[in-house]
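Note that the chains take the letters A, B, C, D and E in the order they are written out, and that residue 1 is the start of every chain.
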């Protein structure tokens, strides 16, 4: 339901525990190095090879996919002056998104959301270190990420991307993460609209389950999106000088996006809370309707059945006091007369009370 | 449900994507140019023709209806020093209403609400750039807007309108947008009052649907109205000198209006939340009522039917132990006596428990 | 439900529109003029006559009942330097209560609540202008107001009233308006207590309606009372020098009253929200109870009726396999034995499950 | 429900109205006078006698039980420089607890809670004036108060009490009042725990009433306890010099207590809100259960009764097409065969749908 | 439900009352004394023996398990300059977690949560005094605590622990306490997930009880966890100089953990509130389903039973008007024809209304 990675209570702070997902092979190390005029992109087998290519005069984006190689992490931490507590947070991948300024770099924990094949919503932690001339990112899993579009823009060399420093790159990554929420909200919104139709039309158990799942998704998206507002806000107000004024304008744009996302999430929460009431009301209405039918049918026929039962009795017809009706010439018609009267009265009562 | 226009995640910031509604013909460019003594009003085919008429000594209100001509937008942006990110927001027309001060102008995103023919509530984004001597507005669609009354006042030349600068014009447009919410709330309030009557009188499925729709409208109006308070507040506190002190007094008035609107929206939300409870309670009451009828009818007749069934049995009457009642002279009366007793007891129990 | 007076969207700001309730005759102009030693009180036919009596050396309380004479309003506005936007708010009588400091006076919009004859809660806007040596008040309707007691105190000349300046008079009027809420809350509290008794005892549709109406009243009182806290607070912190330190002590007292009122309103909201739950639960309990009766009666008699039906069948008794029981000497007793067993088992099950 | 003492709207501020509870005899005036070395304690018949004993060099605690002697109140007010508005609040005993600093003293309104014999929660206002060398307290009723323990500590002369000034005494009284809430909350907590057991086990109408009453008690305790936090906080930040630094440490302790009380009240509110849901759910569950029984019994026997009815019909057996089954040798067994089949199918359906 | 230890109202502040749990034997006094190079660990029978070993040049962690020896507490208080009010809070072990700076030390009240064997959640108060060169901790019970891991780290001498001063030790203990919440939340989250499955699948009374208990646990965890955020925050902003800058970095990490915990608690509250709605809806759905079955069965057979009853009547067949159908050759088929028609119509109605 809610991902929870934590150290056993009592583990010393800044302990690095190997991850259980160690089977996914060694991490991938990628370096994208660029300035306005040139770009280099390459995968490396070892951290040292990568560092040999590192050029502090350019922007160096070092991305590490996979967290199961503790040695690599320690080497990277040593090279880029990463605080041990920050490194621990890189590994404990269920952190609440946050920004932590350290002396040598700014540490950003973000959370990337995407739909898995099964349409379940999944989250992946991205840890970003923004330092002088470099941006170091850690991702939990290889493959899928939100950054391909950023890479394409860097390669193409159009737009602002190549002109700017590492802080702009950090913005671009955050923006890509934040914008991921829009299509998710769109899918969710469509789902809620479908649920809405079903609820008002013909509520079923499946509708209830879908509604409940939509509500749970909203809890999750809300947990992931709210802290991003604080992150972007903190970066905009950064006083370390690592975030330049030009990037701040772009961060303001990103802040607007995240505000819009939060706004929509809250509206959806409002709407889906209302839908639960509608479900209950709709069920109550249907139960009431069906009960009316049962009551009307019973009210019509139960008295008639009794009357028919009466004339089916075998009282000795020898005595004149015993069921004389049976001997009347028009007894049968008399019986139907009773039935018609009873039915008529019932009909009148039903109509007056608008039961049907 | 909630309009959502967004760039695919990863699109570079400040990208301008052509709008899919490109089929509605070229945008309309209108210039209203005035000072205290004169007013000029005209439609232009091209941006250049319009600029030829532009006179920085007067107030120039340039309005562009339709967003499907990217070249036009870029030309306007170049001419009026519009920041690329702001221009992107003009096109992505599901922005949350906001104010953004730029060096050369103040950028206001507002949202105009109106009822469509089908009585559905629709929203249209209005983007306003307030600069030195000009006001540039972008609307999504041609035709319908909330500004006709402002134009009339400008033409008539009465009141403050022609005396003042572009900031007053910006206020007047915002005020026109904000005041649009009043008739919408009135219609909504009347609707809620009708729903209220129906609910307490005779709740139906249609009432539930209407109530739910009223609640959803309130969510939408709330989303659109709240940010306007921030907008007007931000304009009142503007420090760029573009909003003059005289206009601030009027903005305070506009602020009061928007506060009143928000206040009413919140009251309606309160009331409609209460109505959902009333619906459920009212249904519960009706179900209870109908169940009481069913129970009373069943409790009266089911035992009687059993008794009638007993005397309809065919036990061999040769044995003196077999159904001697059938041979009694007053057996039939005895039967009715039983019936009367059963009915009497039932009636007493029903009365004591006040089931009817 | 919620009173809504507003200008058509697009009406220029500060427009004065004649009121539709123009039929109630010309407004009444009253002047109460006093200082510590003397008091004058009089009704005037025209504003000019009144102004002839005006004496800036004393406290002049000019009260205008009725808003349908636009000329009068404009004359008053001119005389007392009332801002056009403030004058518009005087006419648009569904303003949210507020304080607005202007250069020449302080403008207070308040809302007076009272029960109409029909026990419906009604509101009337009172607009107060506090200036140098005068207090100008506008009321919507003639006759009924909350100020008679203030007038009596002025006439009697006891207490602080005549000693002080116009700011004290403004306080006295606000205090009278605020204190009006106490008896209203008392009536409401008594009503809620009655509803409470009914709900727990025997919930009916009428109770539901009363509860719902109590909740709506609370929404209205809340809307009217909350802003008064801001008003009194703003007056206490007034920096224009129009509110003297001595009056501030009294305003603090008034602030306490309004805090107490808000506190009670919130408690009542809490309680009435709980009552809706109680209603639903109480209904649920009653439905459950009646269903138990139906189930028990049905469970007792439906099987018995079947058994009686069996022995009413007409199978050819010639065959020894066809209904031999009918020929038994104690067949009838056997039948009653079956009945007693079925009833006994049912009784045992009912008891064990505590259905009755 | 909520005690409401108020002046008729329009009563001049600071008016003293005689209390309707005038029948309880004259007020009791008590003086406790102490310093580190000595203590005097005495009841007085008149205020003057008491004042004759007053010694400004010691701490004088003047307590007046009963508010029905306006002369006494005015004399006390004159002697101790009590502001008329404060004196009014002493009499209007449904004030919200508050602190008001005046020039000559600090005025504290507190509310003492206790269970009456009938286990109803009752409140009594205590008005405290803290001045130079004296503490003046007013209580509504004679007899019961929370201060006996404070008196004992003063008499015993142990602890800090006798060493300190009047501000410490004020703290001690407030602390005694605040601590009264703990046993009340304990009783309430026990009650909620009982309700909880009942609800989950066998919900009845009495449970609903108890739950509702617990909720109402919580509303009352909340109203009384919250403002005490503000009181203690205001005293801790007092700038008049009347509250010494040593007492502030003790007030911080009292502040902790009141925070703890509020915390518990909020938790109980949370829990009891949840219990209402549990009640409704529990009822719903029981109704569902009983309906299942009814449905199963009906579904078993209604078809069988029909079949029995069929073979009870009297069609002329002369025609071979009329009820040939009646003549079959094993007709009766055939009938039971039908019954067994119907019952078997029903049983299967019931099992598959898990209705029982 | 909520632990409540409090002094009888009126007990003087700073009174030490012996605890009722006095039977658990004398308290255990433990000293762990260390610096970077060495560590000593020992249990002592008396406070004096322990003090003989105390060395102010090292870090001394004095831990006292059990609070039933008042003399010991007073001796410790005297030795370490503990304020009497703080000592009282040590004994009254249901304090709200808090930090109180005193002149000689910082007093921290924390609450340790753990699952008892019975899987009930239990809390134990830990009182921590952080002074110059020492850390004094009081625990309610011997044995179980969250600190074993801290002791192991001290003994091992790895990591930061032995390098740092007492403030780091205080952090380490708080961190151990806070981290205890993670496994508790994990167990709770698993429980909620199970409840969720049950609810949507087959809601029972046991599910309701479990859900309610989960909600109550959340109330308790929330009460215990929220104040820890304030504690850590207060320590981070400590101005007494007792908390060093290096420790502050670690406290920030601890602050993140507690924020994450609160965040999860709030999400769980959200989810479990939604589950209660799901329970009610799910029950409503099942009741509706069962009612549909009852209605359909009744609607099919009740009319048929009536028809069968009619032809079971014993009207004198001598009269041609009395039940001629019985004499028709195909009377019986005619009867089944009626039955088929009635059943057909019913089937059609049921289908059209989608009752089954």
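Definition applied: contacts are C-beta pairs under 8 Å (C-beta built on N, C-alpha and C of every residue); 3 or more make two chains touch, one makes a residue touch a chain.
From a predicted model like this one, the values you see are computed outputs, not experimental measurements.
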Set of chains adjacent to chain A and to chain D: E
Chain C-chain D separation of Cα centroids, rounded to whole Å: 25
Averaged-CA centre spacing for the pair chain C and chain A, given as whole angstrom: 41
Touching two or more other chains - residue numbers and ranges from chain E: 280, 284, 287, 291, 294, 298, 302, 305, 309, 312-314, 323
Chain-level touch network, classified as line, ring, star, complete or other: ring
Complex interface listing, chain A residues touching chain E: 1-2, 4, 6-15, 83, 85, 88-89, 94-96, 98, 100, 202-205, 208-209, 212, 215-216, 219-220, 223, 276, 279-280, 283-284, 286-287, 290-291, 293-294, 297-298, 301-302, 304-305, 308-309, 311-314, 323, 325-333, 335
Residue ranges of chain D in contact with chain E within the complex: 146-150, 152-153, 158-161, 172, 175-176, 179-180, 182-183, 185-186, 189, 192-193, 196, 200, 249-250, 252-253, 256, 259-260, 263-264, 267-268, 270-271, 274-275, 277-278, 280-282, 284-285, 287-288, 291-292, 294-295, 298-299, 302-303, 305-306, 309-310, 312-316, 319, 321-323, 354-355
